[in-house]
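Have a look at the structure below, then the notes.
Residue numbering begins at 1 within each chain, and the chains themselves are lettered A, B, C and D in the order written.
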Amino acid sequence: MAILKSLSRAKIFWPIVALAVLMCFNLFFTPNFFRVEIKEGHLYGNVIDIIKNASPIMLLAVGLTLVIATKGIDISVGSIVAISAGVVAMLIGGDLQGVPKYPIPYAMGAAVLVSVLAGMWNGMLVSRIGMQPIIATLILSVAGRGIAMVTTNAMIVWLYAKPFALLGQGYFLGLPFSIYIVAALVLLTALVTRRTALGLFIEAVGINPTAARFAGINAKNILFGVYAFSGLCAGISGLVVCSTVMSADGNNAGLGYELSAILAVVLGGTSLNGGKFYLLGSLVGALIVQTLTTTIYAFGVPPEIAKVVIAMVVLVVSLLQSFKFRAMVAGFFGKREFSV
Amino acid sequence: AKPAGKNWVVGFSQIGSESEWRTADTISVQNAFNEDPSFTLIYSDAQQKQENQIKAVRSFIARKVNVILFTALVETGYGPVLQEAKQAGIPVVMIDRDVQEADRGLRLTIMGSDFVKEGEKAAAWLGDYLKKIGKDDGKKAINIVELQGTTGSAPAIDRKTGFANGMKDHPNWKITRSQTGNFTTAEGKAVMEAFLKADKKIDVLYAHNDGMALGAIQAIKEAGLKPGKDIIVIGVDGVKGAFQAIVAGEQNVTVECSPLLGPQAVQAIRDLRDGKKLPGRIWTIESIFDASNAAAALPTRQY
Amino acid sequence: MKPKISLNSRNLPTLVTLGLFVLMFGVGSISFSGFLAPQNFLNLFIDNSYLLILGVGMTFVIISGGIDLSVGSMLAFSTMLSSSLLEKSHWNPMLVIPVVLLSGVALGLLMGYIIQIFELPPFIITLAGLYLARGLCYVISIDTIGITNQFWQDAAHAQVVLIGGAFISPSVVIALVVVMAGMFVSRSTKFGRTVYAIGGNEQSAILMGLPVARTKILIYVFSGFCSALAGIVFTFYTLSGYALNGANMEMDAIATVVIGGTLLTGGVGSVLGTVFGVMVYGTIQVLIVFQGTLNSWWTRIAIGFLVFLFCLMQRLFESRKGARGRKRVPPASAAAAS
Amino acid sequence: MSGMTPIVEMKKINKFFPGVKALSGVDFRLFEGEVHALMGQNGAGKSTLVKVMTGVYKQDAGEMLLEGRPMRPDTPLAAQKLGINTVYQEVNLCLNLSVAENIFIGKEPKKLGRIDWKLMNQRAAEVLKRLNISVDVTRILSSYSVAVQQMVAIARVLDTSAKVLILDEPTSSLDETEVAQLFKVIRKLRDEGMAILFITHFLDQTYQISDRITILKNGEFIGEYETGKLPKLELIAKMLGKELSEFAYTTNPDERKKAAAEAASDSGTVLSAKALGLQGSIAPFDLSLMEGDVLGLAGLLGSGRTEMARLLFGIDYADQGEIFVKGKRVAISSPKSAMMAGLGFCSEDRKNEGIFAELSIRENIILALQAKKGVFRYLAAKKQLEIADEMIRALGIKTPNSRNEARQLSGGNQQKVLLARWLTTEPIILILDEPTRGIDVGAKLEIMELILNLSRKGLGVIFISSEFEEVLRCSTRIAVLRDKVKIAELAGENMTESGIMRTIAGGK
């Protein structure tokens, strides 16, 4: 365990550097970026917003980290977010007085269940039918949004049931409630993967599925499991997304989140080639992505060039993680080698 | 034209289903045509892609439809395919969004709303309202933040332009921040959160659609301010959620942009089949809703 | 190019896709009048010429085991650049075309270079490319720019009439030339075969003394070139530049390449397969338009379902084929570690 | 020789990997018209030296001369351009390309600027014919066995008019006739003046083919010798730095057989298979294995030994017959169920089916045990460390730290890690498919010694090796296979090399 920790610490170093650099930029150039006040009994400020708004991506990133560790990818999570949001909104219903159609916990449970089913569908395609992950999940990423539209009758469903607002808008001990959900999920995932052999098995499957099978690991079940888990994470993320704006928008909920989340995982140090994974790294990656977005809003970057700025930051953070690049910058020119 | 009373096949190329407004539009057209058994509607969703629209129109021509209903995603670039329709003798009726000047000869008419005008209406309403509550003395700066629609989309560009036109009469109005919220509630909220932290004083929020306005309202509330009072909230579209917000006093106004174009479209095509001449432009009937008339209108809203 | 097409394992997926295309076209012809017309068939090419060009570039990238997410944005950028050079700067079209193509090459080179030299994942770097190219579109203009230039107008309206009065557009000719070139390069040049070798096993390719680094960079250069060319063809199609063009088109390109039998894990696939993939994709769209009552959101579900059916069928064919020999490790698991 | 300039000369080469001194101060000379054997134990640095020479790695110190002039290839391609052709230890080909392409890619014959496929296929067939191989060169390489792949790798470098040819363990998966054919070709090339560097762990082959020998040990240069003047025993002693008498059991097979036969006779059956078979893979066979038994599987390449092992271990699913472990019928449907039933299996293809390159050595070792215990009974870090260190010590795995990634190990040490993985699961039946392939003499003896020790403790072993000598040395009984059929079982008197040969030749 100690070894795992020290390794992941080394890996997490560069993502943290990148985050720090972004923060420093804001410290100098964005007025009041770090000001935190207390309003309505909770903390209020850009930094708090970043944590709060990063939660949906963080939740997705947790699931995706495990999927990517098995050398897979899940591009359907954005659509599953929309489905989950749609289901929970339809079950709670748009009653103006805020009386839920079905009890809120049931509605949430149902939404998460549907998401897990979606994840299991992906898992089945990948592990049993043997489809390539990107194609298997492409199916649901296309069809899923359609399903979300069908569930919501293509309307934005507005919610007025107060207690449900807690998930995405509420505060607990002064901090956004959603961050506790993230913390709980990460803690649980870390426990399950690192205090049991699951993490090792996932990595083994990602590195060499055949060898894993020969070593007595049920690779298929592991694959199935990580996609189902990714569905679960997307489902929870969908609840938070729905609660944040108290509405479900089949068209736009979770749109493009899959790319942000994949980006977060990769920025966090987990390789798209599978193998070793870093949960905390993924969280830092998600924070980088969200800090960037918030910076663009707060700094007042014109929308026309916002995308260019994002591209540049993604590039720089990726380069920072490249061993070759660091070696180059450090002046070790000409030390070219092939690892065989 | 064909003899009256005959069954007609109508091809309808819709932009997509990117917003609830658009869906309402689609459903309105579909219902209107389905109610009349002498029409068969062939509907095609372009999923916000111009190329898909061109393909759809080509397929309509191959399918030999009698008339094409067409909502253009962008203004330009449909010339060649409209030319093909003309060669095939199929009339094209634009709905909601028109094509550019040079190609207008290739279509019969346009029915729909005017995004620039919506922006102008919003600015005009704001002028009146500020005068009414006595907040605008013509000198003191009025700080406005703007939530833009999807960068580059026609409603975003036009509603921005329209509002800017309206602002010309008010030198003390200032747009302090303007950022895209991509027409979505979630991004509208996130952007507004950042605005609120960066600027001490925001008087007015102008959102290019109600969805973003509703998201921003939540952000304003979280900042401990009162939407509709501390910050004047202006939206466009007139969706149900906005009416509810106006009734609750959290949004001040919504500029209607009616999607219910179906009945008008059916009527126009019937006229066409009967050999009548259509006017070059058919306007939709639209109004503006604020605290004075929203509550009364709310029960009748369909979307 | 290989002289004869034999039914061996290598072109089986291509044949499967071809068969499915014929089947779908047949179903359409039986169900709808006007479907089985020469023009309706040629429309598939007219309406998808840009996708064919993107597909050829993407095929190379995917065979090499990489991926290029930037193609849709690059296409948009190319439409913006050409329209603004033509309409705002009033450049000569003969100058605009090479400049636009060069811009595609330059962006491709940049991405390829970073991917290769710094050993970064193509998924992320081309994702950055996606943002960058899209951002540059907005920098040029957020408005659509209509093209009135005469040369462009002519190219857009010109019809190459074939026998029987049916016609194709000049863009189709361009696309077919690219397809032929792609087939030639992939089958008959050292570069093309090296692409396959890299996709099969990059480490082996290095040890076999193949110019892996150069080839990998060139693959992205070629894909960038194809995106830029596709952008020009797209402007012939729409006569305008628009910053939101080609959103998610990378997914269309990837889907058609995969439907065409190219494996995303690299090493296996063909340009011809991609052509059939595009045909299938186009036919799905035409079928849905002809059908005409599917609700918009149901079309998405239908398309998802069709992709599912396709992949499922391909998997079945593959495993039937694989069942003959004893199952050994698929080459995929030996993929290069970086 | 000393009068001539060597074609390749390497002086005082150093190469370090994190925590490993792979080469230190190694000198090496290769002359025109000679076959030079590079000898040394696993991890001695042979492959590393080759990789430095051919531009895969860059040396940390030392210089290299090509025909007296300094050379600095920085990629394998550059080395090829200098006239150095190499078959690396890990068969490095592209399984997705055709046989012909694997031979010619990068130097395809052209006609009018395009690849001339017809000529290429024709020439490929010709080159392979020189190696006595006739296969359909247009089929993709993955449809052929490892042996064919190995030959293709060799054919690839035979094609050219290079000055230097390097073969890193080319014979590890070839059978005797194939080796003979290869040697014929090598001799011819040598006589034409090519300099050939040859790495193998087969001592006999070294003496058959080489003119001179360079010995490495632990990355250090031991010496350069004329093959004729270096007796075999001395060579072994130099490579090992160990006395041969330490391996009493294995060097005295007769005594061992007697002891084992006694042990086996009064013990129970641990594994038996009845009419087990799979259509298209292997014909139904019977098999039984006693406690403490070592059953050798002998046969030519492709005779179905691996298939038999895969069926027993549940990798392939038998379509007929049944398996009993300790008299109880077991349903073996996956490696996992086989493992739970008490079996262990070391695959012959350690790169693709064995090692997890990016996992640590420790994780590689404990993985099967962990899989056996299940996900939730996770071995504590301390326990893991204990087990791994114990195994590293017991098997003599050369690594500074069990935390290092497994890919940094040399081939032989990776094999030991695999063996360690299965030993930790304390199986009652262990199937070893070519555990000695590509392993040096010392390690081979160690592994065989280990097998015997285990069998003495009651473990039943199925041992597959292409070297009859090894099979004979270890086994208490030998099953002979030919063309996917088990044709005989030999025991006692009949267990001789000629006995096996006769049995295999018999039916034809």
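Keep this in mind: a residue touches a chain if its C-beta (ideal position, glycine included) is under 8 Å from a C-beta of that chain, and two chains touch if they have at least 3 such contacts.
Since the model is a prediction, treat every value here as computed from it, not as a measurement.
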From chain A, the most remote chain by mean C-alpha position: D
Which of A-B and B-C has more C-beta contact pairs: B-C
Chain B and chain C: spacing of chain centres that average the CA atoms, whole Å: 34
Centre-of-Cα separation between chain D and chain B, whole angstrom: 72
Mean-CA-position distance for chain B and chain A (Å): 33
Whole-Å gap between the CA centroids of chain A and chain C: 30
Touching two or more other chains - residues of chain A: 149, 154, 208, 210, 303-304, 306, 338, 340
Contacts with 2+ other chains: residues of chain C: 138, 142, 203, 206-207, 296-297, 299-300, 329, 333, 337
Touching two or more other chains - residues of chain D: 56, 75, 88, 352-353, 357-358
Chains touching one another, given as label pairs in label order: A-B, A-C, A-D, B-C, C-D
Footprint of chain C on chain D - complex, ascending: 56, 75-77, 79-80, 86, 88, 92-97, 101, 105-106, 108, 114-115, 117, 138-140, 142-143, 156, 280-281, 307, 310, 316, 349, 351-353, 357-358, 407
Interface residues, chain C side, partner chain D - complex: 2, 8-10, 184, 187-190, 193-194, 196-197, 199-201, 203-211, 267-268, 324-329, 331, 333-334, 337
Residue ranges of chain A touching chain B (in the complex, touch as defined): 30-33, 35, 39-40, 44-46, 49, 53, 96, 149, 154-156, 158, 169, 241, 244-247, 249, 251-253, 255, 293-294, 296-298, 300, 302-304, 306
Of all residues in chain B, those that touch chain A in their complex: 17-20, 23, 27, 148, 151, 177-180, 182-186, 189-191, 193-195, 197-198, 211, 214-215, 218, 222-224, 239-241, 244, 303
Chain A residues within the chain C interface of the complex: 125, 129-132, 134-136, 138-140, 142-147, 149-150, 154, 208-210, 250, 259, 262-263, 266, 271-273, 303-312, 314-315, 318-319, 321-325, 338-340
